[in-house]
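For reference, chains read A, B, C and D in written order, and residue numbers begin at 1 within each chain.
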Amino acid sequence: MIKVGIVGGTGYTGVELLRILINHPQVKIEVVTSRTQAGTAIKNLFPSLRGHLDLLFTKPTLENLANCNIVFFATPNGTAMKTVPELLKLGIKIIDLSADFRLKDVSVWEQWYGMEHACSDLLTDAVYGLPEWKRTEISEASIIANPGCYPTAIQLGFLPLLEAGIIDTQHLIADGKSGVSGAGRKANIGTLMGEAGESFKAYNASGHRHSPEIVQSLDEYSNDKVGLTFVPHLVPMIRGIEATLYAKLLQTSISLEDIQTLFEQRYINEPFVDVLPLNSHPETRNVRGTNMCQLAIHSSNNNIIILSVIDNLVKGAAGQAIQNMNIICGLPETTGLMGVALSP
Amino acid sequence: MIKVGIVGGTGYTGVELLRILINHPQVKIEVVTSRTQAGTAIKNLFPSLRGHLDLLFTKPTLENLANCNIVFFATPNGTAMKTVPELLKLGIKIIDLSADFRLKDVSVWEQWYGMEHACSDLLTDAVYGLPEWKRTEISEASIIANPGCYPTAIQLGFLPLLEAGIIDTQHLIADGKSGVSGAGRKANIGTLMGEAGESFKAYNASGHRHSPEIVQSLDEYSNDKVGLTFVPHLVPMIRGIEATLYAKLLQTSISLEDIQTLFEQRYINEPFVDVLPLNSHPETRNVRGTNMCQLAIHSSNNNIIILSVIDNLVKGAAGQAIQNMNIICGLPETTGLMGVALSP
Amino acid sequence: MIKVGIVGGTGYTGVELLRILINHPQVKIEVVTSRTQAGTAIKNLFPSLRGHLDLLFTKPTLENLANCNIVFFATPNGTAMKTVPELLKLGIKIIDLSADFRLKDVSVWEQWYGMEHACSDLLTDAVYGLPEWKRTEISEASIIANPGCYPTAIQLGFLPLLEAGIIDTQHLIADGKSGVSGAGRKANIGTLMGEAGESFKAYNASGHRHSPEIVQSLDEYSNDKVGLTFVPHLVPMIRGIEATLYAKLLQTSISLEDIQTLFEQRYINEPFVDVLPLNSHPETRNVRGTNMCQLAIHSSNNNIIILSVIDNLVKGAAGQAIQNMNIICGLPETTGLMGVALSP
Amino acid sequence: MIKVGIVGGTGYTGVELLRILINHPQVKIEVVTSRTQAGTAIKNLFPSLRGHLDLLFTKPTLENLANCNIVFFATPNGTAMKTVPELLKLGIKIIDLSADFRLKDVSVWEQWYGMEHACSDLLTDAVYGLPEWKRTEISEASIIANPGCYPTAIQLGFLPLLEAGIIDTQHLIADGKSGVSGAGRKANIGTLMGEAGESFKAYNASGHRHSPEIVQSLDEYSNDKVGLTFVPHLVPMIRGIEATLYAKLLQTSISLEDIQTLFEQRYINEPFVDVLPLNSHPETRNVRGTNMCQLAIHSSNNNIIILSVIDNLVKGAAGQAIQNMNIICGLPETTGLMGVALSP
């Protein structure tokens, strides 16, 4: 059994890790930490876990975590980087769901996250945990930088097009839409139901923290410096991300069927990327609670349109983290991740 | 492996049966019928099942069902009763999620459902499938009348009080609230999001079809003719039922702690009834996607207040049906039903 | 023109007062205060007011308010009572939307609100601002205690029955349901969309602050000490309250038609209470944004069932406050309050 | 008083016309027709209108409409064109909220709407009712083709940029998002709350009926043949459209401030277009129930990003129709349209 610890278990990605790990056949949940809730029964904070988990939250001390094989960080940005170096010395593998290890360029990271990085020397060791791109590196990594939610949905949509070199890399547009759970479980007026319910808006239209993360990857896919415009939007629902991606084809001779085949081939062995038939429109509810990304391809006016949906808390966070854990531990990648979407 | 068939696979209870049965370790889904969708791939109607199920809908013929051990009816009221007699002759066990076999008194049934019953002689054979009440009878039954959603939430709340004989049976009040999926997946103005969203209302306040079903059971629990007032309400959400039950204590000497103990004892061995600690308020989201009923007990002004929540599509329909199947087939009752609630 | 001030303009009742007062033909909005937002343009906090209001928030000083004829308090409980005495000395009339002046018994108030009352001598002067009950007193009052949202919906339902003396006063049940705006516009995990969305729950089932307010009025209606059980619930929507009220008829000879007539007569001259025809089910959306209370009457098992809906922010708060202002100022009571419900 | 008739009063645009016209000081609602509901009291179908309107639905006969000055068509596409010629002969002015008169090229119309046009000779007479573009022509028109909801939000965003000739007309992208009321009040599985709630999806990504309407206008603004990619999406809310528009600047020397000034100047006299300050993010709730379009401007990677929000039922339908009526009748354009947004 893999002994896992979760640092920061009181947020949405924390409880989502627990939801999935509870039924993972190879995992023993060893410790779940929370600075503020130490001593509280986890099931008292999350009655959805009653009957499944009888642990208490504990303090996030090195001692409490020392017995783990894998530690997940489900903490705000800037927390993991302070503890990771010491955990690594104990031989513990790290899967960080925050942004601390996602960017290779520390100056870009410090600019967007507004603080000094505590262990920038580890950034080169950290492997970006998108299995569809970095499976081999993940299997050998000590630190996984688990991708952000928007970046996952957007990268999986652009990846085949950029690898194939068939689109204009300078005019990529990603129109992203996320449910409110993406903003986390913290007291905040903006995500009150009275503010975010029955309304729709763009936010951070002039620049979002996930942009440099996305661009860093797209640059690599294309061996180029891409030009990306990314506008995120808030949807009055709890879970789900949809990204509508627009790219110009370099050659008009490429048919929609060619693109469809390109995507199907690229993802033919991927258990968690599902290319829908032509003329499909993926819905976030059809991947709710699952680690699946559903993609569909359309075209209009010489633009390729990619529609990409994920559950932001699963493939966009906890599920992908567990997929990465499975890879690291040599388990079948789908272990514990084959639940069917809760739809409706 | 148990070979199961589902008659009427295009509604919400049908797809919910599929969601759960797909990961049931002892089940092979043999056939899923639909008059209107025969020939269509199930995953095309329900893309949430992509990667999990490759069957087509077939016609609901005897021939197509003959190979099953268990047949679930997820059909509108009045459909199962036409086919069940022939299936029984083939030795197939029936679990009917509709109302066709729930009432023992055929005249009451015909009054509420507005049609003649096609096989009223089978009503005495049919066992009411509330495992917490009829576990032994279920294990030996050929026809299970799977309880309605409101009736499940309400009965589990009143059951210990009525069995103990400590409340005034003549003044029972059940204020029920249901998400819109209770109205089914059929074209209907009243449950459009434009009509049911961002609004709340009572409906059928002068009498709802589930009343006689509830009263029939409460009468038996109490060995009495109970007086019940039941008002259902429509909640702008998809899944979940909450019932707030009010009953007068016959003796003021009984403390809230006594009642708490009564409930805990009554349900101590029940895997799917969870009595929350005193002062709790169950939320429908904490049982979303699960077969659990969470109960909490309060008192005010000499009334006992029972709060009861279930997922109407699981413990209120498909999950309870599979729980009944497990009992019939001699499997551990929780087999395939231990998923954790999707919360948030 | 009536010069009005609003103390505490950053919450939902504050902005709702502004929404209605902006189009009130006899009102000049003189000052809107906020401790935290003083100096900010109101339209920057509430872009829904752009083009309608060009004021800045100011500090809640006596000087800033001195020029007003009427001051509305849309502040948290415990704030109005500190300033009201000084404003009264200036001859300003007060309409307090908080709970500070609602209870006549100061010890009950202090018990439920957990603080010492700052001007308990004024409690007898304060008039409870339910126009359907206290119209004359309101017209002569200096301080209006504007009723709570649940109390408004519940009192208007019970009032005719209790005045007529035809129900058992000892077993009144009020099952209340409110949208999330009732919890106010303040950072709070419990009313995040991720917590309150797509879920339903009871809260404060063993006792809610609005109970003593309701009971105080019901006692007066009935000239008795009533026994009330009140359980509030949270609905995943923004606006609206529905209350389902249960009462036992003392005499079985009274027909449903009699009760209907009783209600229609009681409210025949009330512009904001609308008794729906028999067999109706009022929906909160049909009063959204309006000052209307819609009522419907049903019966079951010798219980009378009253269904009552209001918009919690209008008839349950800002609209009723303006109705009270109209009465105080000798204006037609419906002035500024005849907008049609926004439905759907 | 203007005597108005509404043909097709049972849908969302019909009831929205009623909501606004009821409080319009210069309008008398003469007749509201419905084939299916003739004889029914309107308030029985729409209890939100109780106390405001006492008409019955009548048959849509010429006789019933003959007394009107203005007739609004709130009918499905293909209905108005059958009756309009006869009404014109009676000297009645027509405001058609359907698509029957929006396209100048009848062959394009017939291709997208799948039927033969019944009076294509009138297409040249019909004036496209976007007041910000065609105010003078509207004032003299006999038939107004009231713009679609998406087209309104999208055109108001692109208009200043195309008139100024500063963007690449060949690569316009409009990512549109609409609440479910855009699909109308008709029985339909796809817009059940159980289907459309808590989910997000694109639809008609390869081509939507509103595309030719939008392109027809954009061509005129730019004196060019534009290349537009338009992808609509369904948002789990009732009202509101947001459009995020992407366009490439032809010259990099134009600053964001220049664009802001361009927009402010273009719309300086427009009562219903509100250009928000730089760095704003318009929210649909801030225009809910109003005729306002709120716009904001951003830039990223040499793209101009325009954010545009309207209430699809008001500025996208009924409100704009009444704005057009005001223009035709020589009234101040804002008459009856100055209600404040219902927010939250």
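Assume a residue touches a chain if its C-beta (ideal position, glycine included) is under 8 Å from a C-beta of that chain, and two chains touch if they have at least 3 such contacts.
Quick caveat: nothing in here was measured; it's all calculated off a predicted structure.
Among the remaining chains, the Cα-based centre furthest from that of subunit C is the centre of A. More C-beta pairs in contact connect the chains of C-D than those of the other pair, out of A-C and C-D. Centroids built from CA atoms put subunit D at 39 Å from subunit A. Subunit A and subunit C, compared by their mean Cα positions, are separated by 45 Å. With centres taken as mean Cα positions, subunit D sits 36 Å from subunit C. Looking at subunit D, one finds that residues 12, 181, 185, 194-195, 197-198, 236-239, 282-283, 285-286, 288, 344 touch two or more other chains. Against subunit A, in their complex, subunit B makes its touches with residues 12, 15, 18-19, 22-23, 46-52, 181, 185, 197-198, 238-239, 271, 274, 276, 280, 282-283, 285-289, 292, 294, 338-344.
By the touch rule above, subunit A contacts subunit C in their complex via residues 12, 180-181, 183, 185-189, 191-198, 236-238. On subunit D, the positions that touch subunit A within their shared complex are 171, 173, 175, 177, 179, 194-195, 197-203, 205-207, 227-231, 233, 235-240, 242, 244, 246, 248, 279, 281-286, 288, 296, 298-303, 305, 307, 309, 344.
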